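Shared between the two complexes below is subunit A, which has subunit B as its partner in the first and subunit C in the second.
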Partner chain A sequence: MAVFYSNALRCSINGYRSMSMFPKHYAEPIKRKDMEEFNKSELTKFYHIPIKPALNSYSDTVFNDEIKGKMLNYITKNGNKNLARGLLSRTLEIIKRAQTERMHLSPDDKQKVNTNAEKILIDAVENSRPLLQLTSIKRGGVNYQVPVPITKKRSYFLSMKWLLDAAFEKDNKVGLPERLAWEILDAAHGQGRVIKRKDDLHKQCESNRAYAHYRWS
Partner chain B sequence: MKMFRKHFGNLSRVSTQLQRNVLQLSTNAEASPVEGTAAASVNEFRTAVANPGEHSALHVAKFYTIPVEQKKQIFTGGGLPKQYEQQIKTFTESCLMVRSPALELLHYIKNADLTKPVVRYVLYGDNGVGKTLTMAHVLHYGAINDFLLVHVPWAPNWMKRPKEASNATQEGMLDLPFDAAAWLVHFKTQNAKLLQQLQLKTSKEYVWSKRESTPAGSTLIELVEHGISRIKYATETTVALISELKQLSTAGQCKVMVAIDGFNAFFHPETRIFSDNKQRVTPDRITLTQPFLDITSYDWTNGVCILSVDKLAMTEGYMDSYMPRYLLGTAGFEHIDPFVPVHVDNYTDKEFHSYINYYLDRHWINKTPKGFEEQLKFMSNKNPYTLMQLVKSL
Partner chain C sequence: MRVPGALYAARGRKPQNEKDVPFQEILPLRLKNTVSGKADSGSDVACLQEMGVLFACMKDNEFVEKYCDKEIQKFQNCFKCYMDRKFEAKKTINQGVVQPGNNLNYKQLNKYMRRFPNPL
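What follows is the complex of A and B.
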């Protein structure tokens, strides 16, 4: 452990501070159980490379998915992940129920209805990702709302946060899973409040494009 | 300058995304993992034989469809678990899997000598293994083969969450008028057609009050309808109806199939119903208990009794084992003593595989990475209810 810590220190002395305690040359662990698909020559690459330890939330089951996992973390309150897991799985169930019923009731265009709730969730998150955001920059005593590009990670964060915000905003006579499910279904079809929020932000960025140069001057 | 270009690039991305959103409205199609639902009837996990009387070992682990009309007749007032009802609604078809406990029961019933005193069959097994659905399968058989159904969908409802409890005419007893009336409605919907056909008559006059009475020789439908319209007398009507049914079937005028789910609730040490002096009453002080204990004794013929004992019918502290002797207690066990136990167990490998195929066919499992079936098998321990819960979010 001491080695890692000194490594991290050295990195910070050299000018940049990595958030990870592992230096950059450490390889990501492979999260797959069936190693048969890898051919041997590929695996030999890892013989002399140090590998980061796997997180304890990594799993190789059918239930696992990266975006689902992130969403799960954002739903969690006070560390009660068990509750959050129940809420999310109920959400996905509601989505799937709605879609499956729709599919079985419309015999002609059966293949058009997507019954994969996880795909719908991913679609919804991708659809509501913003490309730009506004930051307040002070120039000559005036605060300007300046459009700046956004990192990939933050765009994912924002889209999921917006989905949850929209769900929490709704009338709380029904539970969170129902509200979240309808929000996700809307967003996956490119409608709804989250998409509108994203478009509003984009419009504002567009109208504030004249201030864009304040980002560097 | 370079920065400017980058910035413009971003803005053009904005506008393309705005357009993309419009497009997204129309195209959200995804290729599903399983195809070919059109050829539903030829699937290897389905069987076209919809008559439970014809099911044999050939059809084990296969699904048969209950026709909509019959499902409406038998299960409108309960009889299928709530989540299963939901599944039926989602899949837009009511399918039941043919399983060995149900086949065993059907075999016994088909070969039983109805002139002998009734045989009591007791379904038992762990939580969520399909006792209720086994019973549903047998009920379907009974409804098709002209049995009058005396079916209690879930007896603990009366002991745990009754609509209302009031004092009965008998000293120290409690009535559950609304529950009794609801049961009479259930009885009527299940047997309306058969009652019309058989024209069963009451043997004696029933006097409810000074002005109200049901004369001897009126039909059972009249008796039931009186109980439904005069909710105050619903419990007494139930008692009368059941004693009439016993007499009629002993006389050979009809066949009766008794099916009581959660039968051990009648022998639970206490209920959640409070008497006037704010004390919990025991089930034997509920008037509704009497007729159903009466019809499960062996002093009548021309009928079958299917009872199920369930851990969930008990309350905390009494749920240690699922064995009939434990759940029924001494009194209950002695009440139904010579009985035929039928053990309902978790899925076999074949049944499990068939169920997974069914879920895939219904587009209920959408994620099929390599080895998912083994994972589900391991995690659910092949327990039907657990499998249902696990698969919900897949």
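What follows is the complex of A and C.
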């Protein structure tokens, strides 16, 4: 610990202070299962470099996915991740059941129906990602809604937030998994409230495009 | 005999004695040895043209994204380039390497001025 502390202190003296406990020369841990296939010469460069410890949430199962993990975190309330995990897995189950039913009901092209629930979740999130955003900027006493580009990270956050908002908005007669599952299925097929919300935002950005040069910060 | 006031009026008001109003130095009468970094942040308007093209395309295709793939790609690439450049610029400022020349950022200027401060 004392070593870490002195390293962090040294980092802060030359240049700016890093928020990380580990200094910059520490390498990121590699999260891969097939380490035998990993090129040996690539590994040699890690021999004498200190490596950061792996995060608690790192996993190499086939069910692990970045978007899924994020979604799980956004569902979580009051740190009750166990409950959130149950809700998400129930959601995926409902999606799977619905898609399987659809596959059996469809007359001819059974292969075309996507029954991979995790893929549908990813499709839904990708479909509802916005391109722009409106920020309010004050100019001459008037607040203008100015369209600004957003980062990739924020677009993912917004799309997942909208999906959850839409799910929470529906009436409380059925549980969250049912509501969320239908929103996700709708969004994955390019329809529904979340997609409409995204399109509305784009339309508003388009009508406010004259203010685009107002942004400065 | 009473002296008429008009005789004095021609001379005007007598100036005040300078000793009655001593000079107060409210702010120090010399420049500071630092500059603030506010002016360096600059304007943040980027990718306006790409945005305009994107809006035009979206309006023509009734806001269906798949018909404007090229424009969207261009717009996002432009924004990414802009952010990367900003990040790099910030990194070089934070390094604070002072090189000769007249195009200095605020951190370099501050380093210079710390070395040659205003004489008191």
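To be clear about the criterion, the second predicted complex is superposed on the first by the 181 of 217 C-alpha atoms of A that agree within 3 Å, B and C clash if a C-alpha of one lies under 4 Å from a C-alpha of the other, contacts with A are read in each partner's own complex, and residues count from 1 in each chain.
Throughout what follows, a contact is a pair of C-beta atoms (placed from the backbone, for glycine too) under 8 Å apart; a residue touches a chain by one contact, two chains touch by 3 or more.
Please read all numbers here as calculations on a predicted model, not as lab measurements.
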**Prompt:** In the superposed arrangement, which partner chain does A:164 touch: subunit B (first), subunit C (second), both, or neither?
**Reply:** neither
**Item:** Of subunit C and subunit B, partner touching more subunit A residues
**Value:** B
**Request:** Could you tell me if A:131 is touching subunit B, subunit C, both of them or neither one (first, second, both, neither)?
**Result:** both
**Asked** So, does A:212 touch the first partner subunit B, the second partner subunit C, both, or neither?
**Response** both
**Message:** In the overlaid three-chain picture, which partner chain does A:149 touch, first (subunit B) or second (subunit C), both, or neither?
**Reply:** both
**Message:** Just checking: does A:194 make contact with subunit B only, subunit C only, both, or neither of them? Give me first, second, both or neither.
**Reply:** neither
**Prompt:** In the superposed arrangement, which partner chain does A:88 touch: subunit B (first), subunit C (second), both, or neither?
**Reply:** first
**Shared subunit A surface residues [contacts with subunit B and with subunit C]** = 131-132, 149, 199, 202, 205-206, 209, 212-213, 215-216
**Prompt:** Can you list the subunit B residues touching subunit A in their complex?
**Reply:** 3-4, 6-7, 10-11, 13-14, 17-18, 20-22, 24-25, 28-32, 35, 37, 86, 89-93, 362-364, 366-367, 369-372, 375-376, 390, 392-394
**Message:** Taking the touch rule as given, give the residues of subunit A at its contact with subunit B in the complex, in rising order.
**Reply:** 34, 61-63, 88-90, 92-93, 96-97, 100-101, 103-105, 110-119, 123, 127, 131-132, 149, 188-191, 195, 199, 202, 205-206, 209, 212-213, 215-216
**Prompt:** Within the complex, which stretch of subunit A touches subunit C?
**Reply:** 15-16, 131-132, 147, 149, 151-152, 199, 202-203, 205-206, 209, 212-213, 215-217
**Complete:** Residue positions on subunit C within touch of subunit A in the complex are 41, 43-48, 51-52, 54-55, 58-59, 63, 65, 72, 75-76, 79, 83, 94-96
